[in-house]
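Naming follows writing order (A, B, C and D), and every chain is counted from residue 1.
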Amino acid sequence: MAEQIPPSAILLISCPDKTGIIAAVTEFLFRHRGNILYLDQHVDHEENMFFMRVEWDITHFALSRQQIEPEFQLVAQRFDMRYELHFSDKKERMAVFVSKQGHCLYDILARWQSGEWRVDIPIIISNHEDMASVAAQFGVEFRHFPVNKDNKREMEEKQLALLQLVQPDFIVLARYMQILSGEFISHFPNRIINIHHSFLPAFIGAKPYHAAYNRGVKIVGATSHYVTAELDAGPILEQDVLRVNHRDSVDELVRKGRDVEKLVLSRAVLSHLRKEVLVYNNKTFIFS
Amino acid sequence: MAEQIPPSAILLISCPDKTGIIAAVTEFLFRHRGNILYLDQHVDHEENMFFMRVEWDITHFALSRQQIEPEFQLVAQRFDMRYELHFSDKKERMAVFVSKQGHCLYDILARWQSGEWRVDIPIIISNHEDMASVAAQFGVEFRHFPVNKDNKREMEEKQLALLQLVQPDFIVLARYMQILSGEFISHFPNRIINIHHSFLPAFIGAKPYHAAYNRGVKIVGATSHYVTAELDAGPILEQDVLRVNHRDSVDELVRKGRDVEKLVLSRAVLSHLRKEVLVYNNKTFIFS
Amino acid sequence: MAEQIPPSAILLISCPDKTGIIAAVTEFLFRHRGNILYLDQHVDHEENMFFMRVEWDITHFALSRQQIEPEFQLVAQRFDMRYELHFSDKKERMAVFVSKQGHCLYDILARWQSGEWRVDIPIIISNHEDMASVAAQFGVEFRHFPVNKDNKREMEEKQLALLQLVQPDFIVLARYMQILSGEFISHFPNRIINIHHSFLPAFIGAKPYHAAYNRGVKIVGATSHYVTAELDAGPILEQDVLRVNHRDSVDELVRKGRDVEKLVLSRAVLSHLRKEVLVYNNKTFIFS
Amino acid sequence: MAEQIPPSAILLISCPDKTGIIAAVTEFLFRHRGNILYLDQHVDHEENMFFMRVEWDITHFALSRQQIEPEFQLVAQRFDMRYELHFSDKKERMAVFVSKQGHCLYDILARWQSGEWRVDIPIIISNHEDMASVAAQFGVEFRHFPVNKDNKREMEEKQLALLQLVQPDFIVLARYMQILSGEFISHFPNRIINIHHSFLPAFIGAKPYHAAYNRGVKIVGATSHYVTAELDAGPILEQDVLRVNHRDSVDELVRKGRDVEKLVLSRAVLSHLRKEVLVYNNKTFIFS
């Protein structure tokens, strides 16, 4: 995995489309002896916007990590770019929120513990105590915030205070069955990843498997998205589906759905970790 | 195909659940020397309802086709059954409605012409003339009804008059871009099959690919359902999906979607033709 | 899950096809007040064989568990049946074999610990020590057998001796990278479940992802099957696939493949646990 | 479709990997005012090879179509490139070979007639007369070559003579059940597209559905590939699969498989038409 590969730098770029952008960026990299490992771009012709992800080996790059941004400024300004610069060997810090159901949490912890993901998990936060023992078993700190209707604001403030200490790079809602306030979300723009147990935009909100059962659909799904203030309406990171039939009771849909949920969430987290995701106009471009 | 197989009879049964139903039905068939080819059943425990499809070889069956219903009455009454009796060698008559897009129509006509489906297509009806030449090419009668907002009721009456003559067993809307009135639909309960170009209940109504594009979904789909008075809300017969990504423009979604649409519709038509479908509470049970 | 459902009995039946089998079995159940929860059957017309799975609620069944087999003998003999009788509330014992890779093991242990599966895991056996800590973390006994070419027979004898004590109902090879001898396998006919990391019969044997990469396939897969003396040739329980493309290196195929492997294996184990599987002529019928 | 889009030029490039390739190519395009519509590249680190597809709008390009190659020579020589230059508005000529089964042929003809594909179909060639009427119905010339074991060489010579006149750009084997000789194939390197009715490399050769049935697989598939001298071993263009179960007889597998075959073949043809395909080491890179 990542361990065996030399460190690379990643630029995620968006700007108004015009000719010469790729030439300018690749000339910049070539001039400083950057070996391009990956380059992908997309033009949104309706919006006249250009998007690009480029990753290059920095082993023999002529610029130090600190020099890259200052030197890249000229290119960025010429094309009015918004950009992010990342390094592949940075280990991000991921906070996990969970409620009572553990299937996504187990899947995340197994990937983390086995070294499949380059990530630290400094904290697991829950509105219930059910998952405390699972956290303990994997040696991750667990904090319980008994959120209810009346104390929600207070609890969120305490969670924010804790997160202020923990300093996570992003948050994963691994079946966290509480709706976060707009205030809370505003602290982590495009940095909270949720898994919703339906094929959005079908069955927004609570009890999607019941709704799917009642509608008699032949396929159910799961959707991972960045959390925004509007419920289940943030930029979609990943979706997948599962064929079902009339034999499947609601309980059976719930059971089968868990497998799709955990895979969809884990694929979304990996895309986020690999810095493959660009968000524009409430949509994602996944360069993978 | 069906041609090579000896004729069979099919019973589709629904009734309140109680013990002894399968024993009674299978004893009835055994007593008259019916060799069961297929038997499947389902119990809806919430509704306490029992559903069954049983198909048997009638080559050596002791009862003639005409005698089956009268003799089966005793069993049916004992369990308060609703049932349908079909014969596999009956060739049904299918009327096809189409607008300007031909992909579903071509697929249907190819299956019909090549003998894949045991069906007759006595008529193709359209609100446009575009598909007249395709109908001619396959030797099927084509009738043009230039429906618009003002003449819709009149046109539907003319269509119904024509269908009264043609006597189709069921109707397939092969991308027919007109909403049928409740009055029209009431003549063909669970006998009008539509294809909707989205994964229902997501993106009900017009322009679902545009809506899917704007929402940034990672998967699009198609849904075939029986038409009811409520738009895109009838019992779902079949659904399938297709992975897409940010590169796919609306035009590209439309192009890719056509392949899913035509397969989903054709699978739904085949289930209907094979008498695999039971409808209860606006949901289908597909015994296949 | 199973906990909430009243206990049921399951009959898996195979016999030469003739008329009256379903009638006889269902009449037997009806006579003793068995409420059928599920009945599915299949006729193999080439082999002239009949297969059936029937499950019934035994809460009010007139026969005790011990009486069922003696009473059923008459029916079984009349139709020359082979059959198995199971009870849904029996908790089976599952031994797990693993080598160095933990993804299937984690998935199995999570399902077991969270109560998703009604099963006991008395032992984890490995030819390496890597997974000892994972076993400890989940509180399952771990035994290390350092198998190599020279001591394979001796090691298998020791494993058999241990299994003789543990008395598992079946064995799961959760990415166990040793080929079991025919002698070992003969102790557990259709009771050893393996996961092979390819879409069998493509890429039998070692390093299937390398072979898939070299062939340039667009889809890779995984296959779970009962182990027989012939390598990767036993009855297939479950398969699934994953779309890949030219960007995917062998390492990436291995990474993506793990998710398919663990799901395919877990679905196979669940079918086995639920007694949905009938084996005939090296093929499975999965009644689900 | 293509009609609405301004003409573009496409370069497919392969060369030994080194830094500066993308910079050089994009600088070349920028210098001549080429607006890049699409650029994708791939590095095979094992082979140290670089592959790229770049497409640009030529409406305002400073070089005429004839000037592009001469001007691009400098770049190509510098990096030791093999390349192909295509123009999106060129209408290619596609010869279709078919035997008795029409499902792929119908699908191809419908896409062609409805204008979904920018292609001409000057000829349909068959070893049987069954599809003559379908060809006539779509107004395409049909030629019958009654190939058998004894006259195969002679028939191929006659086919080649005809193709010499017709001058197709490529050939599609739409379920053509004859093995072409290496001599025949050598005239159309990477320009003969076949559909094989299995998930290659499983079930190479004749009767793959029978083989799949006998093996008891849970998924069947289809594979489209360029034809090479070795049977069913050419570079794979596209694959897809279909879930099946023990109920599916061989006839049912054949029936269901047809739908996968026709879609897989049509997707492969479209990739070929759009010049998305690069072949290297008997593998394809599909830039889409």
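The rule is simple: a contact is a pair of C-beta atoms (placed from the backbone, for glycine too) under 8 Å apart; a residue touches a chain by one contact, two chains touch by 3 or more.
Being a predicted model, the structure only gives us computed values, none of them experimental.
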- [ ] Sort out for me whether A-C or A-B is joined by the greater number of C-beta contact pairs.
- [x] A-B
Task: Interface numbering overlap (same over half, different under half) for chain B and chain C - done: same
TODO: Please identify which chain has its centre, taken as the mean of its CA atoms, farthest from the centre of chain C.
DONE: D
Open item on the list: So the centre of each chain is just the mean of its C-alpha atoms; given that, what is the distance between chain A and chain C in Å?
Closed with: 35
- [ ] Find the geometric centre of each of chain A and chain B from their Cα atoms only, then give the gap between the two centres in Å, rounded to an integer.
- [x] 41
Open item on the list: Could you pull out the residues of chain B that touch at least 2 other chains?
Closed with: 247
Task: chain A-facing residues of chain C, complex - done: 1, 102-103, 106-107, 110, 113-114, 116, 134, 137-138, 247, 251, 255, 258-259, 263, 266, 288
Task: For the chain C and chain B complex, residues of the former touching the latter - done: 19-20, 22-23, 26-27, 29-30, 33-41, 43, 243
TODO: Would you mind writing out the residues of chain B in touch with chain A in their complex?
DONE: 42, 45, 199-203, 215-219, 221, 235-236, 238-241, 245-247, 249, 282-286
